[in-house]
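In this document, chain identifiers A, B, C and D correspond to the written order of the chains, with residue numbering beginning at 1 in each.
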Amino acid sequence: MGMVGGGPGAFIGAIHRLAATMDGEIELVAGAFSSDPEKSKKAGETLYLDAKRVYASYEEMITQEASLTGDKKMDFVSIVTPNHLHFAPAKLALENGFHVVLDKPMTFDLKEAKELQRVVSATGKYFCLTHTYSGYPMIKEARERVKKLGEIRKVVVNYPQGWLSERLEASDNKQASWRTDPSRSGKAGAMGDIGTHAFNLAEYVTGLRVTKLCADINKMVAGRKLDDDGSVLLKFNNGASGVLMASQIMAGEENNLTIQVYGEKGGLEWKHSEPNSLLLKWPDAPSQILRSGTGYLSEVAKHNTRTPAGHPEGFIEAFANHYRNFAFCVKASIEGRQPNEEWLDFPGVEDGVRGMAFIDSVIESGRSEMKWTEMM
Amino acid sequence: MGMVGGGPGAFIGAIHRLAATMDGEIELVAGAFSSDPEKSKKAGETLYLDAKRVYASYEEMITQEASLTGDKKMDFVSIVTPNHLHFAPAKLALENGFHVVLDKPMTFDLKEAKELQRVVSATGKYFCLTHTYSGYPMIKEARERVKKLGEIRKVVVNYPQGWLSERLEASDNKQASWRTDPSRSGKAGAMGDIGTHAFNLAEYVTGLRVTKLCADINKMVAGRKLDDDGSVLLKFNNGASGVLMASQIMAGEENNLTIQVYGEKGGLEWKHSEPNSLLLKWPDAPSQILRSGTGYLSEVAKHNTRTPAGHPEGFIEAFANHYRNFAFCVKASIEGRQPNEEWLDFPGVEDGVRGMAFIDSVIESGRSEMKWTEMM
Amino acid sequence: MGMVGGGPGAFIGAIHRLAATMDGEIELVAGAFSSDPEKSKKAGETLYLDAKRVYASYEEMITQEASLTGDKKMDFVSIVTPNHLHFAPAKLALENGFHVVLDKPMTFDLKEAKELQRVVSATGKYFCLTHTYSGYPMIKEARERVKKLGEIRKVVVNYPQGWLSERLEASDNKQASWRTDPSRSGKAGAMGDIGTHAFNLAEYVTGLRVTKLCADINKMVAGRKLDDDGSVLLKFNNGASGVLMASQIMAGEENNLTIQVYGEKGGLEWKHSEPNSLLLKWPDAPSQILRSGTGYLSEVAKHNTRTPAGHPEGFIEAFANHYRNFAFCVKASIEGRQPNEEWLDFPGVEDGVRGMAFIDSVIESGRSEMKWTEMM
Amino acid sequence: MGMVGGGPGAFIGAIHRLAATMDGEIELVAGAFSSDPEKSKKAGETLYLDAKRVYASYEEMITQEASLTGDKKMDFVSIVTPNHLHFAPAKLALENGFHVVLDKPMTFDLKEAKELQRVVSATGKYFCLTHTYSGYPMIKEARERVKKLGEIRKVVVNYPQGWLSERLEASDNKQASWRTDPSRSGKAGAMGDIGTHAFNLAEYVTGLRVTKLCADINKMVAGRKLDDDGSVLLKFNNGASGVLMASQIMAGEENNLTIQVYGEKGGLEWKHSEPNSLLLKWPDAPSQILRSGTGYLSEVAKHNTRTPAGHPEGFIEAFANHYRNFAFCVKASIEGRQPNEEWLDFPGVEDGVRGMAFIDSVIESGRSEMKWTEMM
């Protein structure tokens, strides 16, 4: 694996490395960790990389590595830069024959997203978009169990954070700085950063598609340039209704993404604060607590767990599940084999296009005086 | 106390009696329990009432009791009939000099509500509308603590039930029957039955007023005549945003009304499933769990608690708190005293008018193609 | 009902009155609320009693009331005095033809307990000992469900309180004063006050009997005369093992009595902090959350619930369940009927003797150098 | 790192590899994964090891690697075999100049433990015993916060499992087989396997030492050769009392190790089922929920966390914390530097000796008719 971005101070770059390497299937062998060559070099040293494979730019890394052969060449590129720097390295990597892992939201805007979709399709390379939450085994179990609930009627997803309750971007907080800056994040703030996670989770778990939405989009903190809070009414393609909330000004909240789905026959509930449990609710029978690591779960949930019941797995393991499945596919590709069905269960370019369409739609709806805006 | 309604099979009538009499301040002395005189008589026997004070109709009860004097006369009337039978007995009771306790929503429509408000004002009698949830001590504490959160930015209230997931009104379920019938419930189903509770709670805890809203109102179960599900975006008079959900088709849900309020400095959370706790959340300090019955609570919370910490109080006690405060006021009135400030803390006719305005507004919004509808 | 004790400042007296009268089956008609006649009189006024039936002593109340006839006479006596004043009024009441409700622990010592057992048996009157916790519907459900767990192997009961972490008895705290005083409490402190509750709960839920025990009994606070903390290893008559903890110096704990029972096939868990839930655990299937007020519970659990699922009932309702069942039995007795089986489900004199034997055994074991002490 | 044991089917070996390598500070370079050379070889292939460094026995690995120089040589040995195969490879590794990581309990018996302590001391090598639970950041925080509780009075540790509720050792369950076999596990079953974890946690968090104990040790499942359940009364060197429970027959329990500590001023509680929270309880102030990843924690807690608040870390990360701290020490040693204070915070040989003394004492106490047995 070669990495683009993820130098000093980059929260998500470190997470990507932990997640990628934890299962012993992926090795970090190259990197262009910063647009500042000196910083890139230092990051490479800290990471025990061969100095020759620490590059001054992603262009250099991709072209140099592409000229290597066989085992000496990196197998794929992982891109962990801010949103405005997603598209170019991803496209270049794909066109030079590399598989790609890319952080979300996929691109700076919907146009780039559709172009990237074209490139992925044209090159036939594997592409993984790191919507972490669908990597949790109990989310995969939820996707199985939702089939037992009858026709789905109601979906509630809530992604509450509080870390932008103050105007951190006015200080030197690196995360706050780019995530609230339209020139680097794109047209959405909270809706792009975390709203897309919630949106992806709702569609992933239910298998439904949002068809129209009605958004209340807010900039609650004075001086902020992008939305930091929003609530969205949803309609799904089967007629179900839903609510999506994403906020970064719910002071005191950490990162407790939750999803609740209700069908004719029962409901389910998952909370990121207790990710190893899945609650099933029934009108006329006791609620059930399903737990990761147990024998009664689906094969796909088991495949995405490392430890027995009662040994909590967390965010890094969920993240690692995407990398591991992706790695299995890449390895199969190298060896000329077909991947297993369950390995293909990681978010891809279609999820990325949906996410960018959500951003466009939700921001448009926020500005509209009409109740409903069709999904783009 | 004389009771109107609450005969056999009436869920809420029995709750009213438990709540009214539990503290030993109120005695049930008269009743018109059913429009069927025979049923009323039998109910009176079951309740150990003097047969002479079990009446065939509310008109009879009110006029007869009004002709009695002093201790021999009931002091107030409690009305626990379906919505379409709220206004007339309440008005008659008030005009005959009785204080009134009335179940929610206050009336059949907004017009009746405003007329009742006029009558209460004209007669100067005490009037209590039983929005149970503001009777919980930790809700009263929440109302105190909300002042420490800085300017309020976000309010989320959710009232999930699942008991109408099937079309119970097609069977002989008495509760389902009238609550889904427009001729008895009024223009709203779930929004009237439980949405008004959520609305009242949001305004009670925050002290804010909803100014406009945007509603997605649904009839999810085929054949149903009134809404059984809805989600509403809210705007408050200080600029805060909010979300209100009320549903009776979230299959597997019981009655877990929740409220979350976030200000500039922190947040708070209360859940009906654990009503003796209040959670305070802070951006840079540990969350705090406040518990009923403890010494560090506000005086108003303490006044509305009977047991020491760790001895859970529940729905009946919360309900009883309204009755007890009301009884203290009535007693003071009889004795020519001014009531204590804290006794006046029960929902009144203004809450009732707000609730009926909410119903009108939310149903109107549900039909509108425009995003925002002003509160009526 | 006539009450002995429960004057001003008496925590448990007020609870008894709330519990006794809440269901409208019992009326407080007489009382000897304090050994100080003036205090008794004032208490009677506060409680709206007929002044003639407020007595200066329990002897006066019992003999006077016994001379009344029919409806004019109280039907039973409720005794809520400190432990050293349990036996005499109970015996006198029984021997004068009154049924008796008595607070726990039953008597001052085991000798009194056995004598009281004899009197109850000889008089044939109903006798209820208010071990509150077996009044909870989910404890009654636990007693049913325990039969599905196979042979019981392990029982853990824990009753943690923290309110005696400081030497409150040195101040004017009325509760602390008598509960830590051997001349009023008897030979045990925490073990008598709350340990007997835990012991009763373990035997009630499992249907097993403790045969021997091994106790570590402590006086943690300097200057305290009775135990304020203890942990006890238990052996049951089927060979199961257990642990019982009772402490009043677990600083910060309120009153979260818990019980866990494990059999060959599964386990169950109940917590007083969430009394309306019962958790069932299975080795190879999801855990189940049973909830009070639901349709799938046993008849006995339903009989002891007033509200539908999701409307929390608490300590007062649990307490009231004992009073209500007792009242149904008394009423049947007055009317010459046999009581229903489920009405007889309240703690009786045998529970009281077991509790006093537990106190003797556990204190003896605390002093012993040998590991096991046989239950007396 | 070279690994001894951990071949196919070995639960804990896989955990060790995940934990060791996740932070990118440790690389697996050699291994003797099985006493069967063929199995060892295959394991090495699966793990992408250089075939030359996959050895047929630990003796071969240690002597061969010892003959290599500088970067070509492994830096330390990780031993993940059953208990009876701990001592010999650990001793050999230390005496050949390797640092050692060893799974718990440390040895087969106390005699071996004391000999190993001597060897560690004599060789001056780093030695880490993988008592996972002290690796959790909130346990480290607990150790800091315990100082605010005043003199400690009560400690409760409970390690409930249910997986040995049936006689799995009669089947071909590899884990059950050796863990219930005295010739491989030593003289204790549950007490050795998980009781030592609970014991270590109690001493780690409180900083106290157990001085005597009283144990009820059981073999609940017919035919089992070692204890599968036990409850132990504890006395600590400051006079505090405690209870330790460890069971593998609490049917339906997973692995929810808990610890509660109470001092004069307050209490704390941690549960493995929610490892990122620490609850502080106060007699006269709201309880506080401390959360991992927040800014208000101690430096040592922060040092042992990778992700911001609300991104759950779990068992593997806790395990990895020990490996990472150990690796920092080893690296400092190689580079001739003194380690930071906080790196030294991993369980060592003294913990191992304490654990083996606990096993001897608790089994002895289980057989004794006397109440108290002094810790050996």
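By definition in this document, a residue touches a chain if its C-beta (ideal position, glycine included) is under 8 Å from a C-beta of that chain, and two chains touch if they have at least 3 such contacts.
As the structure is a computational prediction, the values presented were derived from the model and not from experiment.
Here A-D and B-D are compared, and the pair linked by more C-beta contacts is A-D. Most remote chain with respect to subunit C, judged by CA-atom centres, is A.
A straight line joining the Cα centres of subunit B and subunit D is 55 Å long. Each chain gets one centre point, the mean of its Cα atoms, and the points for subunit A and subunit D are 34 Å apart.
Contact of a single residue of subunit B with at least two other chains is seen at positions 253, 280, 287, 291.
The touching residues of subunit D, when paired with subunit A in their complex, are 11, 14-15, 17-18, 21-24, 28, 47-48, 161, 253-256, 272-276, 291, 293, 306-317. Note for the complex: subunit B touches subunit A at residues 149, 153-154, 156, 158, 162-163, 165-166, 214, 216, 218, 220, 229, 231, 233, 235, 241-243, 245, 247, 249-253, 260, 262-267, 280-283, 287, 368-372. If you check the complex, the residues on subunit B that touch subunit D are 280, 284-291, 294-296.
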